[in-house]
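These notes open a run of structures that come right after.
Two complexes follow with chain A in common, the first pairing it with chain B and the second with chain C.
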Partner chain A sequence: MNMFIYPEYEVVRDENKCIACRVCERQCANEVHRFDPDTGRMIADSEKCVNCHRCVCLCPTHALKIVKSDDTYKRNANWDNQTINEVYKQANSGGVLLSSMGNPKPYPVFWDKMLINASQVTNPPIDPLREPMETQLYLGKRTAKIERDEKGKLKNTLAPQLKLNVPILFSAMSYGSISYNAHESLARAAEELGTYYNTGEGGLHKDFYKYGKNTIVQVASGRFGVFEGYLESAAAIEIKMGQGAKPGIGGHLPGAKISADVSETRMIPQGVDAISPAPHHDIYSIEDLRQLVYSLKEATAYKKPVIVKIAAVHNIAAIASGIARSGADVIAIDGYRGGTGAAPTRIRDNVGIPIELALAEVDQRLRDEGIRDDVSILVGGSIRSSADVVKAIALGADACYIGTAALLALGCHLCRTCHAGKCNWGIATQRPDLVKRLNPDLGYKRLVNLVTAWNHEIQEMMGGMGINSIEALRGNRLMLRGLGLNEAELKILGIKYAGESM
Partner chain B sequence: MKRIYVNEKWCLGCHLCEYECAFANSGLTDIVKALKGKPIHPRITVEDCGEIHFAVNCRHCTDAVCVRSCISGALSKGEDGVVRIDKEKCVGCLTCVLVCPYGAVMPAPDGHAAMKCQLCTDNLMGEPNCVRHCPNNAIVFEERTGEGV
Partner chain C sequence: MFGYRCTLQTDTEVITYIIDYLVRKRGLTLRETAHVIAASFWATIGQKNETDREQETLLRRMFPSLLVTGPFSIILGYEGGLMALGDRLKLRSTVCAEKGDIAYISSEESAIRRIEPDLDRVWSPAGGEPVIFELYDKEGRAQ
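This part shows the complex of A and B:
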């Protein structure tokens, strides 16, 4: 018999407020709530609750809340409740623990240990409401050579560029891991904002080719849905070498999630598991990577930038240096807090390094080697606010990928059970009755609102520093100071301690 | 005129609109006090059949059959296009309940008159409360042209 594990969260209903409308019952795909006709009251089974807050948000009388259970084993600073429960779970099941979204462990968040500068007296701040404040930027190689044609006219030797109106893109989330309506919301928001969303490794649904000029298509180890039309349709192509949430391992989308539509888009049989191998089986060196980069460029007539995405791991700077030399136009680095639709818990929680440190290392290494202008740098893996974006750019990033923040805007409540496929918010699911809960007309507006709000805040912070363009902020580490950081951390981040002068 | 339109594709069958309607027409300002422990009498009805759901309430027809068939002149179409019922004039024959092709008129709980959606013009809400609380834009309150109702 399985060991009983007391639920981590409890559903609490205020009986004085509940009007027994049964909205919670209809909205919980985990079948937690039930109406008892004998007593005329609602009953909840907290054991099934994943704490997604769907019922809490929809209850018309706000009668519900979810609380952390105070049931506890004997207090033990080494063996905390969760650690013990995970042992019980594995003793029950014999299986690898699965989880989703980003690493929730209490590791230090370096964004929160960096402070932004502002101008006083000697250099005036700029008011973004009165003066131009440029957040537009381009991603791609900036190394153009001066060449002339026979008539002596200057040739355009600039490599293809991606134009962004805001320093924010939506990161890779595949159709399959997220729903059709989530993809539609992201695509429409990217179009309206003048930025890009990323198909992830699941191919591009036929309905979304019309958003091609705002689409980055991914080529991952499973090569799902990759064909000429797919590459042609996009603004840029991303080779996915790794993902921050699960560096070094592949992906596995269970057959149950391979619906007719997903199977058509991924170009694989319906109902069959979609396995993404850990490595690309044709890439075992930078030279191999270079071959794929150039194959993709050749296939698209050198008109589209190629991005190479890697997870932030220990030797990130050397790897990035290799990628910069592979012909890639952009390097995307994904930190260890990046989200996922499903990952083994131990990998998600223990593998990889923080994006802040990885970014600082990579930017410095590429500068030292004189190849920083050969590539743009994109970072992701838990960019939570406009302040994180500003700090990332000051550390050396060109722009930021947001994934989790975008899903939050769509309604996600970070219950971290995407892998179960029953997302009550219609995001990480393929069940038609649940997918329907995300109306893209509302979803895309919320995404546009979020990014617009962040962009205003970015402009405010830039204005405060007396900087009037994103370009002038990039790599401007003097605009940052550390707080609560040790020598090694300050050295890697390349910033001074708060209070230290220029 | 602005009417409530149904986007069946997005209706979840959550039935929130029914409760918000009942609250709006309760005359009370506290939803718990208005609805707790009582049967509700909404003027919007959610039809459910398997995975299909949609909410139905009065269409405020241009040539309203309920208005034409009312024997006591209790139903009328206002200047604003809203089809209203005057409870004082209604004799409770329920002819309108029978003739409305949408089933949008219903007997009032007191049994003496009929009742129907008046787009929340007759209560404290000011605008349709069902629309305001629909979580998925499955019902919208908007002006549409070229729509033959």
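This part shows the complex of A and C:
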């Protein structure tokens, strides 16, 4: 017996506005809408609706809206509707619940409990429209020996670094989990913005090698699509040890998403599930990690920085300290709100820690140990606005990864159903008819717009603080004050309470 | 993280320790140190000649966290010399002057004129441009 579950969201159609043009029907890959020839009207099956808003946005007469259903079980503060429904679903199927995108649970968002400083009188604010306001930075190891040539000039003894025009990069999203057109949009936007996008663990499509100087290629536990040319093509190499949405587990790309193109790029058979193991089976210690870091450096003649990406977990500071000593140039930390193309719901919603706390702990630990300049710190999961970027940098990050925000720019409406592979916006799908809905010519421009707008806002906030280099903001926690935080949280974040003076 | 403990909590104290770190511990020259503390803007560096561009870019890439962005105008005294340095945006002013073999540094020209009205030369250095007066060409280093 399958227990009937009333849909969480309902499609509401204004019959006075609907002209039965059937756009909604054609646009919905979930087959919610249907034309009824008997009545000449459109009807909707809310049970199939994932609330992606594709039909709402494309309805030419704005006749559609999606509302939260007011159907409810008897109110219960302990057993809410969703909790009960999940029990029914699991009793129906016997399976693990799957989810996509970031943890949506109402945990505290520490970004929203920190406020940014501004200058008044003693230290003047700077107007970014009148004065230079630098958001350019370099990622990588900064510690180097001072050596001079015969003329006394400094020699370049630095390890390779990545130059960024903006403190924002696009985070790892694999070809397979997202579409060709989504990848093309990200690659072209990264090129125009002077920053980087990340291939994720699915290899690099042959068409995108030309964006190599703005590409970070990922080496994950499945080693999909990894070969010499892949490493050579990129600006930097990222070893994926973990992901914020699902710390401690690997990945699973269903066979349905392994198209011919994805199969060729990943170097795996078509139509067969692609499994990434939870650990790298050659890495069981920092020493083992060091071997992979140096294998990759050796393979690329020490010309590319190596990033090690980890999920934010309980012992993050000690782990990061180990990574900083492993030869990695950059540590990327992914918070528990980070997105994913598919994760077990229980893991996504219950494992890991907030990026704000993890970042503060790691930066402080590396400073205490005197090794902060040995590595740069990248953070993601989840950075939602330019204010989050400013707060992250003031807490100690060098730059931020954005994934969900980038997908929103491409049209994603956070329906959190990526794992179904039927993304109506052409992003998290491999179905050619859906993929073509995302036009990379427009998509890349929207990404450029988003990051450009954020960068303007970052410059305004920096100017307000009287800080005209993003690198001078890094780790400047006096620029932050807490609101609604307890003592333990303030201590971990290393900030004072609003109103407290130096 | 550089092993210094600030007691006064002022920018002067921080700059003093930065200079100690870069000059004494790391072996940079005073001019190089000035290009770290009051680094030229990237746009300005881009317009410099190749050698200066390379050297200043390298310094900014090595020591980005030692850039001081607030307003300051400092005089560094050391054995055999003085260095004047103002912030890179010139939010605080620096004025230098010479009369014979006497050098003057102040934040206002009027202060210098009060001591010596008849100067050979008086000028306002650009923000971030160090002015070094030396008895011997040692750039602040002992040997």
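Heads up, the rule we're going with is that the second predicted complex is superposed on the first by the 494 of 502 C-alpha atoms of A that agree within 3 Å, B and C clash if a C-alpha of one lies under 4 Å from a C-alpha of the other, contacts with A are read in each partner's own complex, and residues count from 1 in each chain.
Following the convention adopted for this analysis, a residue touches a chain if its C-beta (ideal position, glycine included) is under 8 Å from a C-beta of that chain, and two chains touch if they have at least 3 such contacts.
Quick caveat: nothing in here was measured; it's all calculated off a predicted structure.
> Using the superposition on chain A described above, determine whether A:P124 touches chain B (first), chain C (second), both, or neither.
second
> Check the contacts made with chain A and report whether chain B or chain C touches more of its residues.
C
> Considering only touches as defined above, state whether A:Q27 meets chain B (first), chain C (second), both or neither.
The first partner, chain B, only.
> Between chain B (first) and chain C (second), which does A:T61 come into contact with in this model arrangement: first, second, both, or neither?
Once the two structures are laid over each other on A, A:T61 reaches chain B alone.
> Is A:H53 contacted by the first partner chain B, the second partner chain C, both or neither?
neither
> Contacts for A:L158 in the overlay, against chain B (first) and chain C (second): which applies, first, second, both or neither?
second
> Is A:K436 touching the first partner chain B, the second partner chain C, both, or neither of them?
first
> Which of the two partners, first being chain B and second being chain C, lies in contact with A:R266: first, second, both, or neither?
Neither partner.
> Name the residues of chain A shared by its contacts with chain B and its contacts with chain C.
Common interface on chain A, chain B vs chain C: nothing in common.
> Quick one: in the complex, what on chain C touches chain A?
Where chain C meets chain A, its residues are 1-3, 9, 26-28, 32, 39, 41-43, 51, 54-55, 58-59, 61-65, 67-71, 88-89, 91.
> Show me the residue ranges of chain A that touch chain B in the complex, using the header's touch definition.
16-19, 21-23, 26-27, 57-58, 60-61, 63, 432-433, 436-437, 439, 441-442
> Within the complex, which stretch of chain A touches chain C?
123-124, 126, 131-132, 134, 136-138, 142, 144, 146, 153-154, 156, 158, 161, 367-368, 370, 372-373, 466-469, 471-472, 474-475, 502
> Along chain B, where are the residues that touch chain A in the complex?
9-10, 12-16, 19-20, 23, 31-32, 35-37, 51, 133, 135-138
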